[in-house]
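Below, each structure is written out as structure tokens.
One chain, subunit A, appears in both complexes that follow, with subunit B as partner in the first and subunit C in the second.
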Partner chain A sequence: MHRKSTGYLFVLPALLVLGMLIAYPVAYTGLLSVTDNQGNLVGLDNFRAILGARATPTAFFNTLWWVVGSIVFQVVLGVLTAILLNQKFRGRAIVRSVTLIPWVVPGIVAATTWAWMLHTEFGIINYMLTAPGVLEEPVGWLTNGSTVLPVMIAINVWKMFPFVAIMVLAGLQSISNDLYEAARIDGASFWEEVWYVMLPQVRPVIVAVTLLLVIWALNHITIIYAITRGGPANRTLITPIQIFRTAFESVQFNQAAALSVMFFAVAITVVFFYIRTTAGNAGASK
Partner chain B sequence: MGSVSIRDVRKSYGSMEILHGVSIDIADGEFVVLVGPSGCGKSTLLRMLAGLEEITGGEIAIDDKVVNALHPKERDIAMVFQSYALYPHMTVAQNMGFSLKLGRAPKEEIGRRVAKAADMLSLTPYLDRYPRQLSGGQRQRVAMGRAMVRDPKVFLFDEPLSNLDAKLRVQMRSEIKQNHQRLKTTTVYVTHDQIEAMTMADRIVVMHDGVVEQIGTPLELYDFPRNLFVAAFIGSPSMNILSGKLSGNSFITADSSAINLPFIPASTNDETVSLGIRPEHFALDPNGMAAEVITVEPTGSETQVAMLLGGHEVVAVFRERITTRPGECLTVKLDPERIHLFDGQSGLRLGQD
Partner chain C sequence: MFAFREEVMRVFKTAAILGLTVSGLALSAGWANAGEVTWWTPNFNEARARELAEKFQAANPDITINLEITTTDGLPQRILTALRSGSAPDIIDVQHGWVNGYAQNDLVVPLDDVVTEREDYVPAALNYVTWNDQLWALPYRIETHAIIYNKGDFVAAGLDPANPPQTWEEFIAAAEAMTKDGKSGFAVTGGGEVGNTIFRSLPFIWMAGGAIISDDGTEVLVNSPETVRAVQFYTDFYKNGISPSSTLENDGTANRRLFIAETVSMYQSGQFDINSIRQENPDIDVGVMTIPHPEGADTAAILGGWSLVLPTDAKNPEDAKKFLAFLGETESQAVLTDTFPARVSAMSAERFNDPILEVFKEMLPYGRPVPSHPNWVQISQAYFDGIQRILLGDEDVQTAMDGVAADIEALL
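Up next is the complex of A and B:
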């Protein structure tokens, strides 16, 4: 009894800080979502209003594209890179470090740099594509409605695939060399080694990393907001940016809170799966 | 069906030569054991045979076909690793059938061959288990099963029993031997344990520091070791080595006692030589040499005595139950027929020609 209460005493400060920083904002958001800007209870009016807004379904489908597109390419490119970096070749240490650069560069710096490089008239990308004649005329990467979301996804993939690569590489390095040799003696080609030995062994890592990436893609603001703010014509408006803009640009905190609450429900489901998966792995590995 | 021919094979890592020209001929169906102390290059040689290491120099042929440039899968060999190297995410049956699956064998055939191997190794009840659900001995069997299912030309084993406890090791030793007698597949087996080598091998290759010291049947190596290294390495407790000089047909020990020799070695006289005598080749004899007892270790079937003889500490094993205590004196005789002489410089065996 005595020892237990002493324990609570020790975690109390941390619990207080957590309570103020997390529980209070969450609870307050919940309260905002069912009140108007005078603080009167209005039931589900805010939910109705925001769900009725024209931007909401657009943002929903943009978010879907954004998350699925980002995750698929981040995981595929990350895993392939990890497999490559796990091979023995000259200069491997340097290539490994260089691969990490996008992940290390601050998001806002990366976004600004990409915005310059993608500029229709002065950007280096259009210059490099038009000068040798690959493209007839410059493409408005960030202004053309059909290219802008794919470009955002590409930048996000570029930013995050090193993270996948490094995590999967760590997993690959923990595979005993004997297993590869056994597979080679059993007659496996390189891609059969990848498919039958490497991937099954790093599957738990890939699952955990994928769920993390989903959470991060769902929460994403930096790159898109810094480059397009959701435009042009809401083509890159994803739900977190819609929430942000509803709250701080349109100053409709109550509707933003209502959208947040719904979004929170989705995000918490993913987090739940993440925790269950990673906890399951920890249990299974020993 | 598979003979193996290793011809003057060398291996270097960078500028370090690890194997200095190794030649071994292995007949079809033979069980050959490579034995030697840790770090002498046994695994390296085996891995070169498997195609897991480049061959720096020389040639390796399987069934008269030079395989230097071939990938492991083109050599028709199977290997059992010290760590077993079972695929953790595959069941026992999947582990054993993996090579057939990669070879695009039909499902029924895979099933049939896996079942047959599992039956031979008493693994049938475990086919659906994962490696982590098996004991060490069972994993070892799965590793062997994976090799057997393929029916290769040559089996390669790299210290397959060193992770097992002593009792299981003895049991697996005889199982491997029995399987070999049934399958008659050419086998190259690496171990650092000379008892394993003696009990299992048709022929033993003794290696040391990247060279072959001697090749022969277990009893050839035991009775006629070609040099001091083989003499000391084979046998347990190991051969006693006394250094001294030759004088006529006697061997003069460091403390000037004389031991009569059954023969007079040809070239050497008055030179330093080493005399080797195995522990079991001492006999109690009232007219023998005096030896002071240091320790006595009865095992029931025999008595092992460490004693001081001619200035050397030697170990003798007597079949009879002798009652003696440390500090007392025994009189012992060396069986003259079983004395080995080695050149003091080169360590080579001195014959009686």
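Up next is the complex of A and C:
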């Protein structure tokens, strides 16, 4: 009994810091969302105002596209890369390091570089496509309503697939050689090995990584904000950027808080699944 | 016994005096910034600000000016955070348009006692920073846009570079004539930060007799026939292929780069672009013209520029005011500005005599302040989104501006 209370005492400082850094902002955001800028309670007015804004539904659907598009390609590309990097070939160490580069480059640097490369007039991508005649006219990658969001997703995929690859690669390397040998004795081809040995073995890793990616995509600001600020005409506006713009550009902290609270509800659901899955994995592996 | 008590009292007294001295020392340690003035100024001002600070310190050896260099990207947010946090510097460089919001929220103090020779200031600059009949900032820099053009392109298109177009019709004709061989006659902006497009399209709206909101901020005028006509004029440059295909991602800087690369013949900007054009492409023969107006109307421009404010939470307001008074002097104003000084008498300084600046000077009297409204940021964002919907081809001008009007209505 005595020992238990001493334990609490030791944990207390950490709990206090956590409380100040996490619980307080969350609670304060909740309070902001139901008050006006003078601090008077206004009920659900902020929620009504922000839900009535023209940008909100646009941002919601953009976020959906953004998350789904990013995750699917990140995971598929990441897993394929991991399988490739798991093979034995010359220069494997170099290829493994090079693959990591997009993930290591700071987001803002990557975004600014991509913005320059994609510029209609002086971007290298249009230059490379028009010079040999692949395209007749330069494409307005960032100004054409139908290309801008896919381009953002592509940049996000490029940025994050190395992370998936490294995590899955770690999982692949922990697969016991016995399984491969057993499969080979049964006459399995390479792709059958992938399908019946590798993927089932790294499934827990893929699930955990996917949920992490969903959380990161939901919170994402850097790439889109640095390149388009959510434009043109809100074509790339996703909810986190709408929250940022409402709070820090329009100085409507209360409406931004209301939107954050709703967004928090969605994010916490994903986090809940993440914790349950990872806890399940830990239990299964024991 | 009495002697003993006296002795005790004396000890107490000494202790008390000692204690006072110690706490006095502690107090003065807390006031270590007495005699120090912290000044936030943007990076483009650094050299000139340092020069003035040294001059002031030479004359006032008991005051030290600490410069902190800011960058314009994200500056409004940074300043607002500092002003609200209660730990603000003593002097901040801000754009004229931001001052009103600070004044209304008591974040800065009035400077009526610092800005004394008012008759010597350009009236529009003072109007900008006036609220509730008080002056809330010291304006030191003013500027407007004009149109910068490539004289060589005029000649190549058979136009006379000495007689640039005056009216909208003449201007469209000239821009069309120069749009050939991969060149764009006139570049408008449709991307970047909202302010870029406000600065370049609102003057046309004013010339046509329109507005985004009424001066008293009670009425939405963004879908009035006058405004729609001007927005049509502005967006048609892109729709008709006169403005570059990258218009939707271009801000003022991008337009300057395109002009330097000789793919754009005309664009709107201030005199700060002239030097970089001359440095980066000396082959261009640069001309400057007033912004064309509709037949029978005056030209117009947004008056931009910078002011100095004294935050309510400044730690050393007395010395800051002394330094502000020094910065308000004619000689200081002639030095500090990157463009034109807010004081008329400072304009006679040698550096403002370059003939290329003549047209920019002519534009100054037509400069008007940006409307001041507590929700102006959201209003201008709504307007900018509308412009982008037109440029993207989502909506026609009237539909887009009707939509903007509905958005703004909710903000007034």
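One rule holds for everything that comes next: the second predicted complex is superposed on the first by the 286 of 286 C-alpha atoms of A that agree within 3 Å, B and C clash if a C-alpha of one lies under 4 Å from a C-alpha of the other, contacts with A are read in each partner's own complex, and residues count from 1 in each chain.
One rule holds for everything that comes next: a residue touches a chain if its C-beta (ideal position, glycine included) is under 8 Å from a C-beta of that chain, and two chains touch if they have at least 3 such contacts.
This structure is a prediction, so every number in the text was calculated from the model and none was measured.
S.K.: After the alignment on subunit A, I want to confirm one thing: do subunit B and subunit C clash, or do they fit together?
M.R.: Overlaying the two structures gives subunit B and subunit C room side by side.
S.K.: After the fit on chain A, how big is the angle at subunit A between subunit B and subunit C, using C-alpha centres and going to the nearest 10 degrees?
M.R.: 150
S.K.: A:V197 in the overlay: touching subunit B, subunit C, both, or neither? Say first, second, both or neither.
M.R.: first
S.K.: Please work out whether A:A188 is in contact with subunit B alone, subunit C alone, both, or neither, and reply first, second, both or neither.
M.R.: first
S.K.: Check the residue A:E136 against both partner chains and state whether it touches subunit B (first), subunit C (second), both, or neither.
M.R.: In the superposition, A:E136 contacts neither subunit B nor subunit C.
S.K.: On subunit A, which partner's contacts cover more residues, subunit B's or subunit C's?
M.R.: The partner with more contacted residues on subunit A is C.
S.K.: Of the two partner chains, subunit B (first) and subunit C (second), which one does A:D178 touch, if any: first, second, both, or neither?
M.R.: It touches subunit B, and subunit C stays clear.
S.K.: Working from the superposed arrangement, determine the closest approach of subunit B to subunit C, counting only CA atoms, in whole Å.
M.R.: 52
S.K.: Which residues would you name on subunit A as touching subunit B in one complex and subunit C in the other?
M.R.: The overlap between the subunit B and subunit C interfaces on subunit A is empty, containing no residue.
S.K.: Looking at the complex, which residues from subunit C come into contact with subunit A?
M.R.: Residue positions touching the partner: 77, 80, 190-191, 193, 244-249, 254, 257-258, 261, 263, 375, 377-378, 381, 385, 388-389, 391-394, 403, 407, 410.
S.K.: Taking the touch rule as given, give the residues of subunit A at its contact with subunit C in the complex, in rising order.
M.R.: Within the complex, subunit A contacts subunit C at residues 52, 54-55, 119-122, 137-138, 140, 142-143, 145, 228-229, 231-235, 245, 248-252.
S.K.: Mind listing the subunit B positions that touch subunit A in their complex?
M.R.: Of all residues in subunit B, those touching subunit A are 50-52, 71-73, 77-79, 81, 83, 85-89, 98-99, 102-103, 146, 150.
S.K.: Give the list of subunit A residues in touch with subunit B in this complex.
M.R.: Touching subunit B from subunit A are residues 176, 178-179, 181-188, 192, 196-197, 200-201, 203.
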